[in-house]
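Okay, structure first, notes after.
Labels run A, B, C, D and E following the written order; every chain starts at residue 1.
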Amino acid sequence: MSPDSGHHADSPALLDRGDTRLKDRSGIAGALKAFADRVQSGDLGSLPVVIGLAIIWTVFQTLNPVFLSPRNLVNLLFDCSTVGVISLGIVCVLMVGEIDLSVGSVSGLSSAILGVLWVRLGWPPELAILAALAAGCLIGCLYALLFNRLGMPSFVSTLAGLLGFLGLQLYILGPKGSINLPYESPLVTFGQLLVMPAPVSYALAAVPGALTLVRRLRTARRRRASGLSSRALGGLLLEAGLITVVLEGMAYYLNFARGVPWMFGLFVGLVMAMNYALRSTQWGRSMTAVGGNREAARRAGIDVRLIYASAFALCSTLAAAGGLLSAARLASSNLQAGTVDVNLNAIAAAVIGGTSLFGGRGSAYSALLGIIVIQSIASGLTLLDLSSSLRYMITGGVLAIAVVVDSLARRSRVSHGRA
Amino acid sequence: MSPDSGHHADSPALLDRGDTRLKDRSGIAGALKAFADRVQSGDLGSLPVVIGLAIIWTVFQTLNPVFLSPRNLVNLLFDCSTVGVISLGIVCVLMVGEIDLSVGSVSGLSSAILGVLWVRLGWPPELAILAALAAGCLIGCLYALLFNRLGMPSFVSTLAGLLGFLGLQLYILGPKGSINLPYESPLVTFGQLLVMPAPVSYALAAVPGALTLVRRLRTARRRRASGLSSRALGGLLLEAGLITVVLEGMAYYLNFARGVPWMFGLFVGLVMAMNYALRSTQWGRSMTAVGGNREAARRAGIDVRLIYASAFALCSTLAAAGGLLSAARLASSNLQAGTVDVNLNAIAAAVIGGTSLFGGRGSAYSALLGIIVIQSIASGLTLLDLSSSLRYMITGGVLAIAVVVDSLARRSRVSHGRA
Amino acid sequence: MTQLADLSASDPRSLVSLRTISKNFGAVSALTEVDLDIFPGEIVALVGDNGAGKSTLVKILAGVLQPSSGAIAFDGAPVTLSNPSAALRLGIATVFQDLALCENLDVVANIFLGRELSPLQLDEVAMEVRAWTLLGELSARIPSVREPVAALSGGQRQTVAIARSLLMNPRVILLDEPTAALGVAQTAEVLNMIERVRDRGLGVVIISHNMEVVRAVADRIVVLRLGRNNGVFPPDASNHDLVSAITGADDNAVSRRARSVAQPRSLNPGRH
Amino acid sequence: MTQLADLSASDPRSLVSLRTISKNFGAVSALTEVDLDIFPGEIVALVGDNGAGKSTLVKILAGVLQPSSGAIAFDGAPVTLSNPSAALRLGIATVFQDLALCENLDVVANIFLGRELSPLQLDEVAMEVRAWTLLGELSARIPSVREPVAALSGGQRQTVAIARSLLMNPRVILLDEPTAALGVAQTAEVLNMIERVRDRGLGVVIISHNMEVVRAVADRIVVLRLGRNNGVFPPDASNHDLVSAITGADDNAVSRRARSVAQPRSLNPGRH
Amino acid sequence: ADISGSTVAFLMPDQGSTRYEQHDHPGFVAEMTKLCPSCKVIYLNADADVAKQQQQFNSAIAQGAKVIVLDGVDSAASASLVHNAQAQGVKVIAYDRPIPDGKVDFYVSFDNEGIGKAIAASLVEHLKATGVAPDGVGVLQINGSPTDAAAGLIKQGSHEGLATGPYKTLAEFDTPNWLPSNAQQWAAGQIARFGKQIVGVVAANDGTAGGAIAALKASGVSPLPPVTGNDAEIAALQLIIAGDQYNTISKPSEIVARAAADVAVQLLEGETPKATTTLFNSPSQLFVPAVVTAENLKAEIIDKKIQTPEELCSGRYAEGCKKLGIQ
């Protein structure tokens, strides 16, 4: 993501600085110029979405000062986590250029399985959770089978799944309908109340910065040793410092209210794990390759079917996990869990965050960013007294505004021939 | 679609039969071999979906003999027409590789506009219809603007539209909610009762066969005159005869009940017009090109923006038209028009019929075929006494079965390197 | 896109002239102050190493890319080529290195794309006849023009792209490595074709890595190196001079290979 | 895929042998009963007109396409190459004519695709160093290996595809027009490279339309015409014989052009 | 007239609550089998889709239904269905939701507006009784789906009910698609906004009530302010037993379903069923539902055999049941 600014402008012996056409981008001035280059060429990663988000936040905050209160933000983080986890799975299938329309139904089904096994049949909750996740995984494998063996487009198979698993959810909940999950149970507490103790939240908030710094430093050392350009120490420290300051600041602010929800911690942890898997493992590389050019990936000897299967299975499993989290959040398994909106919100979050619907481009962070955008709009509007017609209209409008910054940036990207 | 079987096997002077590697496919045996080739290479057009449909029909008919009764089929045709028209618009945006998630809301909005202008404000119905269509067209132009000028992905802009126009629909219907349209009005009669007199239906059923024959004959004559291979007269007559017999038979059967709905006639007429526009005009060629390779189309001097604009505008206008038809069908403009399922059904119909989600491949007939599949499943299931949960599950399963034949055919297409 | 460059220095007879054209992609300067003139009835060969910026220059002339700075004149008047249609309208036809075909359309549709006969009721018969004629002139070996382009071989596709460019009546024709994938017979036909259009007074730019091809048809050889002008040569310039200008060194892989291959079947320098 | 063809006739020393391979695409027979042997330490050149079926044959050998009929033996044992992984496992490395790169991945990722170092924690530094080394050996002119391949010029991409094939330790290497887009220096390096791998005992198949290139490196020239074997030639066969075998006529576009171009700067026959 | 072998259709609107499959349909079928053992009952649920309901309606007629009991997804759209059916000689009984613009042959229902009024008024009574001062505090109102006509009636009723007391409405919300999670998110936002000012929540059904309770619990509000509900789902009754929900509405739908079956049979036989009142120009019969709170839960639910103690008092609810005297 970050440009490799030349470390020593005066050492032309660097392996990757041999070309005279490369402009020198070392030092602070160079870094600024490199940034300007990136702005011009639209290669800004998630910055535009962050800007869109900042605009939304400012507007809602001026309309109702409760919006950015620590208390409301804590609610926001709880709400983000459930659909966010589902959206993370969507990122996987979008990466390989496929889609899963059934995540809502699968999440509903998994919450129904949890309720029936745990409350009605009295299984231990751990087993019920495992069963629900296994069901999700199985569903993903089924899609993969239909896709790999029968060549059924995922749009159609998952549309069939959307209906079929909704039916299954209604069926296993049966005529008795919704099931209350016990409020005192650890699962419901986790979904509704459990926050990190302040010291833990500060410690965890320091982790990403520290990890970044360590990995970047190691890479820089190895690059120098191998005769490649490497980033200047100052820049690295600045970046890691910035991350740490922002995260610690957020933890501090949230600790004014209840604190950082563990559920959100889980979500962010999953996002970071997925990000690592997509960027730094052979599997992730294969996912990107399959999404970019399936035939080229096949010719490179990648087991394309396995990659598709992993994407579908991961997506459905995460959808099931999301269903469990939302059951915990609501303290009930009900008929309507997952039926409406969940699909659209989960897919929209991934797309708004910058993952392409056409495969081969995306990042785990897009789920995080996208769901924060969507939930911010929802949360901001709940704080204003509006009729539902206005509420729909404003949601639509704000959504468009959130993305317009990103679109403009990307547009210049296209016109610079790097779409 | 049809293979050009060599007309004269013994005239090697034909311009397009010069290559010795082309197998000779003239005569009946040749036609059969050509067909076998096509089966093998998966290039079967809509045949697989038709087979899937035949399976579904057989099964439902054995389960409940009312299913294929003329009376039920007439209802089926009425029901197909509304979402079918919307799906036709979806084919347009899918052709250029984009999507419109808001067709449901736009159709609902248009029905609301009709109701408010006509019934509440007392406009003449023609004007109200025009206004609703114009609103649809405007919405399409708005999406085109966002797409062309700001580069906003259509998934996001139409998602915003889905919410925004739902809000607008609720807003203009106001707290009084749904509006009844007058039963005696021509519009409602058209949507609920109006069928073709038997002679008219027979006459119209003869049109497609006759048109095919005339166009094919003219082409064959011109091809022969230009020294190109042309199809044998026998095959042409057979094809046209088959089309005519099937259509006349259907008209005859339906005339046992009420007859062929004019609304279905309108839908088929729109499908045929769209098919002509997509296949036989420069605009259609440009649509296919833009969907296949946007940059190549741009370099060929095609005004890519105009093509996108036409696709979006057409889609929204057809969505508005579909909304008007469903208002006529229900004899009311109501709060729920378009809110549920319409989007998914319209998109699914196009995809099931064989239009690609990724652009550049599709046909107007896919909307017709796809919506018949979807409505057949729905209608067949209403004839069985099932709980909703079973109904959902079976719908999902049958949908998958309907497509599996097509998927298998296409799969061999992929393995033959022609995906 | 600044248009401050001085166009007054351009030759009045030139059909197209480019002055101090630069193009940056992010941190990479693909072109730096490149000048080029195209005269009617003349074949200019544009040569240079891989990544020298030849295709970038052609894309700028074709309106596909916009220069970061510099000016373009057509018939002596300054023009802005803000999109490919603008270039096509001026009569600039281009065969791109990546061919820019629509894989989902068949051969006929690709050849006529954007220039279909009778737009409201496509005349498929006339288009097919014309397509066969054009392809025949290029000695193409295409079994069927009703197959999607995705089913064609590399050389067959290139022939289709070349046929496309012959369809309109251009004033300038830009050919970016038009013979790279062609067989020997097809290459000969394309070179014949190039000479024919030159003789009809068109301006022709041809890019090629094959020195024999360049030498056979070019009236003037323009060398680009690392995005900059690096000399203009007559077609009878020595191979050694040309290769040195291209690679930027007297002692290069080509000359080394020529020396090291001691056997009789040595590879001549210059596409050898 | 029938395996009825007789493999007993194949040469026992051959690394790979194909017998009576046919391939149909719908009504088009791209290959008809083609035989081919690849011996260790030998460079076979596969030549033929556009659409002759060369790439189809290479794709069959690489496991990308399956033959309609015919048999393949590797090291004397019959094998079924049902997918590219099967071919890669046997040690068959291929540079495809369409390159088959992932445009959305950068140069390093493309070179190492499917063979990444330390799969659970990709060693980007080691991969980048190795990539620069490989590209350096091929005289590539690529400003940055961290750009997506979509941003590269045609020749740069081809270099990346060739670098890919050198990474694994293959026993057979198939090169489908590997120098078509390369500059003069890069072509020389690739030819050097081909000779080096031949000398290490690998079997090499090279497809090219450039007769000079073919003649310079090939030990044996196999001609395909309209999907059928059309003769095997030694590298010192006369140009006229080769071109006749390729085009199937004594009087062809090449010879006609050679005759008609009366000026001193004539184009030699054979990629002229 | 001989009605044996006749077909009757029973068309329900949605899956929003379990009542249709758990109570209405079985109740209707039971009464029909009693009155006309050879009659065939077609049961279909429209899953909240107007077009689907129209399709089901037409297919019922195609299958020869002579009487259709219709719980319309949308009242305006239902009017046209009634019109069409009557034109073909098919009788229509409006069930649960009225069809104001279609002159149906009969209308049987609980009174939705009455339900809204009852739950709100009951909440107001409770607040007054517990001595909550109306100054500076108020209640939240969570309505049903903005596209659901029945929700609109309940909303109107709730407004009227709240108007009987001094408590002002802090904010109100139309829950899209009746989704509990939407209700939860909205309630959580209001808690952040109004904090301790919230002294009660009027929720239009048990699902949204559950969402509101989850939000209150999640914000650590204790003790919980009273929350209303409607439908008497098992889950909601259990919440009442546990003391988390204040009230719900018991609509033993079997009563209405049985009445509908009676009317249907009379219509089949060509008789004129007797009406207690006339609503929207149609002969009608309205039933008054009961508000259920912890005090009368045993009397209304257990003693009337609407649910069994085993069903309600499983596991964690046993203790609460004991307190209410249920076993």
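Heads up, the rule we're going with is that a contact is a pair of C-beta atoms (placed from the backbone, for glycine too) under 8 Å apart; a residue touches a chain by one contact, two chains touch by 3 or more.
From a predicted model like this one, the values you see are computed outputs, not experimental measurements.
Inter-chain contacts peak for the pair C-D.
In terms of their C-alpha centroids, the spacing between chain B and chain D amounts to 45 Å. Centres computed as Cα averages put chain A at a distance of 36 Å from chain B.
Residues of chain D found to touch two or more other chains are 25, 27-28, 141-144, 151, 226.
Residue positions of chain E touching 2 or more other chains, listed in rising order: 15, 21, 146. Residue positions 19, 21-22, 170, 387-389, 417-418 of chain A are each in touch with at least two other chains.
This structure has the following touching chain pairs: A-B, A-C, A-D, A-E, B-C, B-D, B-E, C-D.
The part of chain A that touches chain B in the complex is made up of residues 99, 101, 146, 150-153, 155-157, 159-171, 344, 348, 351-352, 357-358, 387-397, 399-400, 403-404, 407-408, 410-411, 414. On the chain C side of its complex with chain A, the touching residues are 24-30, 32, 65-66, 226-227. Listed in rising order, the residues of chain B touching chain C in the complex are 4, 15-16, 19, 21-22, 219, 222-223, 226-228, 280-283, 285-286, 288-289, 291-293, 295-303, 360-361, 417-418. Residues of chain C touching chain B in their complex: 62, 64, 83-85, 88-89, 94, 96, 100-105, 109, 113-116, 119-122, 124-126, 128-129, 132, 141-146, 148, 150-151, 164. Residue ranges of chain D in contact with chain C, taken from their complex: 25, 27-28, 48-52, 55-56, 97-98, 139-144, 147, 151-156, 159, 177, 180-189, 191-192, 209-213, 215-217, 226, 235-236, 243, 246-247, 252-254, 256-257, 260-261, 265-272.
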